[in-house]
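Both complexes shown next keep subunit A, but they swap its partner, so subunit B is in the first and subunit C is in the second.
This part shows the complex of A and B:
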């Protein structure tokens, strides 16, 4: 139990996928403008990452490792993630139309999201058991969702501020994203 | 041998994994197929499929869904042709509404022979990029730069660059208005497609200033206004403006214009002058 708690804390805060590892910056900057889209993207990632961490861990330990093909990790995982996203889309469309509608365009976009690949690679490489790999995936995605929501709040504040013309828009966003990232460096002090 | 095995292993494993995923997806798509509204496929077929976003939806598919749910009007799509719009109305079982068809018009006639350039521009072939150099290299600060930012966004390839300025092929123009937003000089207007005559200039300066930078620009002399039998022409912001509702298509303004900047877009009632014929030929090209 303690291990799982530490694992979660580590995945959400200390090694936050966006703000510490700087992975998945594109949706972070693009989708965080509205709360609804930030939630949609975050939930879609949560869904897919958990699922794909589970499958990729199995693939890594049952197929790639016994055959000595660990170097195929990246390409094989991309293949798996892409198919999983497609499959997820179909399942959702069939059985959970409201959720499918809510996630909308973000679900297919995840195919090319590097945060998903990061979580899969990380889980398959470093996690000892299938369960901890899945939890790690879920918590990494939770960190992603947290970062999106935090930045969404920052973005809404930014819109009410007066900026010099040269800093308006993207530069201001990037600077505030950097400040947010520096705030997360504080968590590095927890040596777990 | 080792390398050969490595390659073979990798290929076989990835191949099998890929095939498994493919079969799985194929089965899933059969098993999990959702019965969708049969209208949807027909609506998607009738929409232009350009995914331009001019209707405000995220693509034609989304537009079709909204149409089927009654959340969109067939008129929201500016690209659909008249026959396709009727088809959509038939599918949805609603009465077609009349829509004023619009056509993009470029308010500049200064081709490279007629409007001089201030300097040689060799940068990126894009109007917005050219604008950065002191507002572009055309002597007239209001004129068309002719680097085709409008042509690049046109979904129907209706804008051609001819003699250094953009011209609209009216038969192809769909009136979507994407070029209006793309033009950094704000030169393009959506005008009624029935318009017969138009003034091809938007330079608001006095005649003396206009003469310095262009041989065709409107000098706001008011001759067209005085000659118009229907009082359809007014002077606004230093250029002549033709009121479409009053215009009787007589063609007198184009004939009397000393700068030949009033262009005939359709056959006028009176016989066209030679210049008008030339201009017509340029436009229809």
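This part shows the complex of A and C:
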């Protein structure tokens, strides 16, 4: 139980994918403008990352490792992720049309979200058991959702500010993301 | 399009990182030193050239519906080859780039060039486009790497340049510094673009 708590804290705060590891920046800058899309994207990523961490760990330890094909890891994982995203899209379209409509374009984009492949590689390389790999995936994506929502709050304030013309838009967003990331540096002090 | 104009586009006006804001993750994460930034730039350029050539060759036979997945598999193949080569010949680069080598698969620059350029153009033109776009990416990441290494560590490619009295800005070696430095660099680019635009009128 203690291990799980430490694993979760580590994945959400200390090694936050976006603000500490700089992974998944494109959706971070792209969808954080509106709260609804930020939530939708975050939840879709949460689902896909958890599911794909589970499947890729199994594939790594039951198929690739016994056959000595570890070098195919990247190719295999990206294919698994792409097909899981496709599957999620089909299931949502069939059974939950409102959610499908809400996620729209963001669903297929998850395939090229670095955070998904990062969580899968991280889980398969470093996690000892299927359960901890899945929890690690879930918590990594929770950290993604947290950063997205925090930045959404910052973004709404930014829109009401006056900036010099050269700082307008992405430069101002990146600098405020840097300040947010500085706050997360505080968690590095935890010795787990 | 003329090669010279293509080169100018890729480096200055249509730089994949500084103007199109593609592939930001690796730019932020790997630019702590000039040498790792350069290693990353060369790796991405090599993968980009190979996948552009391959996709330009294969695009007539790839069915339209599954093209994105096919592109990703081709890119993943070249990235795996690059990873094995780096692990074998440059172990120190491999340890400093870490998980960012396999993550080249999901680097938007490569997929964007494959989809927008290589699938519609001839093999030599695609190879050249891959080379130029890769150079644009390398230029941007090395520039940011140089900025962060000089101010954050007082060295450039490992050689001390700012003398012993210089107090390094340690924050630049970590994620917050990366975000802020890239933000300032983009602000400079916007400023220059605006000034050039005024002159052009």
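Here is the rule we go by: the second predicted complex is superposed on the first by the 192 of 192 C-alpha atoms of A that agree within 3 Å, B and C clash if a C-alpha of one lies under 4 Å from a C-alpha of the other, contacts with A are read in each partner's own complex, and residues count from 1 in each chain.
Just so we're on the same page, a residue touches a chain if its C-beta (ideal position, glycine included) is under 8 Å from a C-beta of that chain, and two chains touch if they have at least 3 such contacts.
Note that the structure is predicted; figures quoted are calculated from it, not measured.
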Please indicate which partner A:96 is in contact with in the superposed arrangement: first for subunit B, second for subunit C, both, or neither.
neither
Figure out whether A:79 sits in contact with subunit B (first) or subunit C (second), or with both, or with neither.
both
Kindly classify A:87 by the partners it touches after superposition: subunit B alone (first), subunit C alone (second), both, or neither?
first
If you stack the two complexes on chain A, which partner ends up touching A:63: first (subunit B), second (subunit C), both, or neither?
first
Using the superposition described at the top, determine whether subunit B or subunit C touches more residues of subunit A.
C
Looking at the overlay, what does A:161 touch: subunit B (first), subunit C (second), both, or neither?
neither
Just subunit B (first), just subunit C (second), both, or neither: which does A:22 touch?
second
Is A:5 touching anything from subunit B or subunit C once the two structures are fitted on A? First, second, both or neither.
neither
After overlaying the two complexes on chain A, where does the subunit B footprint on subunit A coincide with the subunit C footprint?
72, 75, 79
Touch list for subunit C against partner subunit A, complex
21-22, 24-25, 28-29, 68-69, 72-73, 76-77, 79-80, 83-84, 99, 102-103, 105-106, 108, 111, 171, 174-180, 182-184, 186-188, 190-191, 194
Note: in the complex, subunit A contacts subunit C through residues 19-26, 29, 71-75, 78-79, 82, 111-114, 117-118, 121-122, 165-175, 177-179, 181-182, 184-185
In the complex, subunit A residues that touch subunit B:
59, 63-64, 67-69, 72, 75-76, 79-80, 83, 86-87, 90-91, 93-94, 105
Complex interface listing, subunit B residues touching subunit A
9-10, 13-14, 17-18, 21-22, 24-25, 28-29, 32-34, 58
